[in-house]
Amino acid sequence: MLSAHSITKSFAGVPALKGVSLEIRPNEVVGLIGENGAGKSTLMRVFAGTHQPDGGTLTRDGQPVRLRNARDGAANGIGMVFQEQSLLLNLSVAENIYLGQESQFVRFGLVDWKAMRCAARRQLDKIGVDIDVTARTSELTFAARQMVELAKALTLEETIARPLVILLDEPTSVLSGSDIEILFNRVRSLKSRASFVFVSHRLDEVLRISDRVYTMKDGEVVAEHRASDISGPELHKIMVGRGLHTAYYKEDRQLPPRDEVLVDATDLGAGDTFSHVDLKIHAGEIVGIAGVVGSGREEVTRTIGGFMSHTEGSLKIMGEAVHFRSPEQAVRRSIGYIPRERRLEGLVMFLSIAENISLADLSAVTKNGLINYHAERALATDWISRLHIKAPGPDIACRKLSGGNQQKVVLARWMTAGSRILILDHPTRGLDVGAKEEVYELVRELSRQGVAILLISDTLEETIGLSHRVIVMRDGAVTARFDAAPGNKPDQVDVVRAMV
Amino acid sequence: MTANIDNLKAGGASERRSALLGLARRLTNKRAAPLFVLIALCVLITIANPSFIEPRNLVRIANSAAVPLTLAMGLTFIILLGSIDLSVEGSLSVAAMVVVLLAANDANTNQFGWLAVFAAIAASTVMGLATGLIQTMLRIPSFMATLGVWFIGLGISVYMLGGSAVRLMDPSIRNLALARFAGLPLGVWVALGAFAFACTIQYHTRLGRYIMAIGGGEDLAELSGVNVRRVRILAFGLAGFFFGMAGVLSAAQLGRSDAVIADGRLFAAVTAVVVGGTALTGGEGGVVNTLIGVLIVTILGNGMILLGVSPYVQQTAQGLMIIAAVALSLDRIRLQIVK
Amino acid sequence: ADKPTLVTSIRSLSNPYHAVWKSGAEAFAKSVGLDHVTLVSEGNSEKGIADIKALLAKTGGNMVLNSDPNDTPDARPIVEACAKAGAYVVTQWNKPADLHPRDFNPYYVSHIEFDGTVSGKLIAEILFKSIGGSGGIVALGGQISNTAAIERKQGLEAALAANPDIKLLDFQVANWKSSEAYDLTGNLLTRFGDQVKGIWAANDDMGTGALEALRAEGLAGKVPVVGVDGIKAAVDAVRNGEFAATVTSDPFWQGGMGLSIALQALEKKFDPTTQPPDHREFYGKAVLISKDNVEEYYKTNIESQPTVDWNDLWGRVTGPIRS
Amino acid sequence: MKTYSDIRSFMSAGWLQGAIPPILLVVLILIIEIAAPGFLSGETLMLLLSNTAVLFILAAGVTFVILIGGIDLSIQAVASLASVILAQLLPRIGLWAFPVAILSGLVFGILSGYVHVRLKVPSFVATLATGGVVAGIALWIADGRAITIEEGGRANTAWINGTVAGIPAVVLIATLIGLVAFFAMRYTRFGRYSLAVGAGEPAALAAGINVPRTKITAFAVSGMLAAIAGTILAARLSSGSPNLANQLLLPAIAAVIVGGTAITGGLGGVARTAVGALIISIVRIGMTFVGINIFAENVVFGSVLILAVAITIDRSKIAIIK
């Protein structure tokens, strides 16, 4: 129905797709997996028309097609939910859903906004979510935005009579379990009308929803399987090249923390976001905070990171009372922050790897107050090989790296700055299984070196697996504390009970 | 099985908080702030000099605001895109030049009447479209494309006018400034018409929405199938249309046109747009904001004369007031990054 | 030797005053059959000076320059550059008080000004008379730091001192621009209402802007206006009684005569060093245009190109410049 | 070894893109020489350099602000104020007038930065407004008129108008300022922070950069360089005036952008601005040299600006061209 034949695509001479052939058949869900940077998103963008291939052809229903832009894609019944969210935060939900397709609501040149809102509401009802269509998108949670994206892709259904192809690029990485179920149910019920391509780093999900699974590696399709013929661990091995570690979270390497207390919050509170939080983090200790959106855990981390100021209680960093007014003050106290929104707060995307690594502490590469470019590049080259960062060199702009590699650059920055306290806000979001494993290894290593780590993560498993202790928050207050020594990890069910 | 916990529960606490937040937001609604600044300004000036609220003065304010308002309508669309249009003065002077040279005037024998008005607006619309084409085809920043067009437009009017000031002698066009309807000069009605038209474009058409979308994130708008290039070209054309109207109004008011007829209009217009609360980064604000901004700036000028502020300190006073007005009225919660 | 180039340097071509200046220069150039180049500074002193230097380099100094420097300070570097290159120069309107033609013999031939105090006073008196010798007026000044603006304002003040029954309601600045004058006049009418009996403007651009604001209120012709420069719109307004008067330095004469003086010096037709001081720095004769002489002025200067005897170098000298 | 890797990075950093503005410069010079032979003489080139000095110094200052993603529209008022201060003080305190005048630029630069950063007023409007305030102050200090630097004062400004080893002093001053600015941009923390702030403010903030300080510093540099330009202008014209630097603002910004610095920030630098300033003055002087019809001058200038930017900007490093 839609197929790619020997598609090639390079960015500035670096190949991202090296002759990919792949086929999407009517009424099926195709899984697409591969490490970060394997070329999955690039391939999807070629299907959607937002990237033009350098070579090869696309065929739709056997006919070759040329898609010059997203509009051509849509006209061919191809819709996409992008990996990085593509909603406009300054527009309302309804306006976003029908952006680019308003013509159906136009009467005498004017847009009938009411009709559009009704239609948008219908779309959202179809996927079973209740979101105010007049709300500004910036006011929605990440997960809600993802559902809006899906609704938006599905509007093609109304205008295109042919069977559709809906491309879902990591739609689940920010969704909760229940939302994922809603999504999957919707995908299943739409299969009569559309085919889907589903990209995810969660192999179990891929196997659950897909009929067939393609595996990509370094810009090529290296395997194709019927989902019923293969297991998760087998897929993992094909993808990463080695077997799944039994001790995924490296619990065997979890050492007991040291005595020194690096972070000591007493009765901490900030406005109406959280209050009465007591939190001690020792050198070498990983403390995970569990909690739902709105529990106040984000704000706790952002307060310690210097993005917000506390209004109650006290905060001591390495024994000294502090009151941060900017992240700079936190950085000067040896605190490093790894944000969930890598593109926004993690890296200066247009600067090079070398420049990003040295950014938080230029003293490592300055001589007599002047930046030594040679030393800076050498430092970056060193990190690139130590952390296995996949990049042609230290001068490459970070925006050209895949998510996992970007994350490693952020980590390298804080290691260079000698941070003794690290705040990890969803550190593995969007990373492939292999990359995740490497990040876990790094986190363990940092912990062994005596770094105090505060962790918020996508999954409870990760939180429990990595942490020495787990704190649970709800409605801005701490509701439970669990010890999580190796071999004595708390049960997920108990943790969830304290969360809701 | 991986349990994903981010959003297991979003009810309870967050709902309670969002009600609270909503209340707080309403109390501190910064979006309405420019309106408050405007009202406060009017009250203060009235206290200092009650003739401010005399109907005659209000009519004069409306008259002074007519050209800046029309102009700023066009500029607003460009700023909503996240771009800037420096060609304001060039386009305006071309329109003013065309209208005087084609209508009855004292430099040649043309007498095309209202056709001259259409030609003037068409000329400046074409200049706008050309600007849009230059910007999108050559892929250069609007700042430079429009700076270039500014010089070109000015050069064309200087050439066509031969440096002189040509009088506009067509009585029906002059009536824009001289005749009144319901107490207001016709030019003011035209400006209000321009405002209504701008509102229609912004709030009721695809073009208006696409302009907002591009300002909010050009790459994302493109992913949604918005033809960014076309929208940009149309937006610059639309801006040119408004600049053209403003040029005609200017010529009608002053009864003549010279090449510097638009001198100083650009920065005044940008100031009005920003004071009204439209963000220079694009995607926030709109023509209603601009109406308020234009009124603030016009009334500030009017007020300084009414209060008898010495010309020696007017520039300083105006600078300080503008800083105060913007500082008071910008919606800083939305505008995280101010550039 | 090669023929010298005639060079005119003015602020811009976008105001009527300098446009007429340029036509005077061209009329003169045609009469002597030499090449003529016009330079405009667009209000940018650096550009004005740079352009002159570029032409000095291009002509190797074989040129004469008639310059209305953009601002007072520009005159010194212009004169210095000309003297260094051996070009003959006449400046008009703007020069620092301590810059003198005699210090750059023989190249800095003359400097011509028109006594702004006299013009400002003259039009003020006519304005006062036309409103019957008593009542309120408002005044619109030029760009604050400009010499002509300062002098004309002084003239106004002198006239006010001599006419205690006239009240200056307010003095505002419209930066020589008609659009600013238009808005200002509306605002002043609000503040003073019927008290405004007349409007004094430091130039005709502002005066005609004020006139249009009056017209919008139905007051054109009822509240008389005066200005300086004698631009066509102002002369028309004098003819139909909306302006009481305007006074002109005759830019046509300025544009041609400045070149003529410099060219005759270059051609050694006279020796600048032996000229009396009031040929080196002098006030020219301004022409008053009021309803008494406006029809004649219109015929000779507006309807047709004025005829000037370009060899009558010193015919309009009215005396040395006050310092 | 070190130089080898330097060269390699230079090559990989897209040196061709960096070479385009200088190539354009050379091409323009050749075009003018062909159209008006005699242009390419040592004398005219020296003239070109000295006439570019003030424009370049102003543009170099504003480059810092543009790199952090802002704009500074107050520079011509600040330069004029400095000229007035210099002219007023030279007779009283001699050479000390220079540091005082330059300090005024620093102060008003910091003020602009402060208004922009602390009051969160967009720099476009903040500097437009502070420019108005500064212009008012200049008018007040100058007592509403141009102030001539008399004979006595001129002794203290003569050095600016002189030459050293045949090279005009202004050219040397501009070169020195250019070098210092270049090194500050490339080799100091402040320079690096400026780039980071311009290229990604939230990320720069999260990396611990003091964003307000960096921004205010950029405005301070801009104000200070504007004041230096103002004092040079005053020395060249032997006078200070509240309008002295009028009409220099847009050419200065144009020089920055024509050089290839992104108006959106985060990309570019002072070396590019030097080339941009030379392009602007060459086009200007070239038009006079070639004898372009005075009525066509603006049209030609505007068109060349557009074409020059189209040629010089590095689109691969600009996310979205707005």
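Think of it as A, B, C and D in the order they're written, each chain with its own count starting at 1.
One rule holds in what follows: a residue touches a chain if its C-beta (ideal position, glycine included) is under 8 Å from a C-beta of that chain, and two chains touch if they have at least 3 such contacts.
The structure presented is a predicted model; accordingly, all values stated were derived computationally and were not measured.
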Under the touch definition above, the chains in contact with both chain A and chain B are D
Of all chains, the one whose CA centroid lies most distant from that of chain A is C
More contacting C-beta pairs: A-D or B-C? The answer is B-C
With centres defined as the mean C-alpha position, give me the chain A-chain D separation in Å.
43
Per the C-alpha centroid definition, the whole-Å distance linking chain B and chain C comes out as 36
Distance between the CA centroids of chain B and chain D (whole Å) is 29
So how far apart, in whole Å, are chain A and chain C when each is placed at the average of its C-alpha atoms?
71
In chain A, which residues are in touch with two or more of the other chains?
none
What residues in chain B touch two or more of the other chains?
154, 158, 312, 314
Which parts of chain C, given as residue numbers and ranges, touch two or more other chains?
13, 144
Following the definition at the start, I'd like every touching pair of chains, please.
A-B, A-D, B-C, B-D, C-D
So in the complex, the part of chain D that touches chain A is made up of which residues?
2, 5-6, 9, 12-13, 183, 186-189, 191-192, 195-196, 199-200, 202-211, 266-267, 316-317, 319
Which of the residues in chain C come into contact with chain D in the complex?
13, 37-40, 42-47, 49-51, 53-55, 57-58, 71-74, 76-77, 96-99, 143-145, 147, 150
Contacting residues of chain C [partner chain B, same complex]
12-16, 18-20, 22, 141, 144, 170-173, 177-180, 182-184, 186-191, 193, 205, 208-209, 212, 215-216, 231-233, 236
Touching residues on chain A, where the partner in the complex is chain D
12, 305, 307, 326-328, 330-332, 337, 339, 344-351, 355-356, 359-360, 362, 366, 369-371, 373-374, 377, 393, 395, 397, 413, 417
State the interface residues of chain A toward chain B in the complex, per the touch definition above.
50, 69-71, 74, 80, 82, 86-91, 95-96, 99-103, 106, 109-111, 113, 141-143, 152, 172, 174-180, 202, 204, 272, 290-295, 458-461, 474-476, 492, 496, 499-500
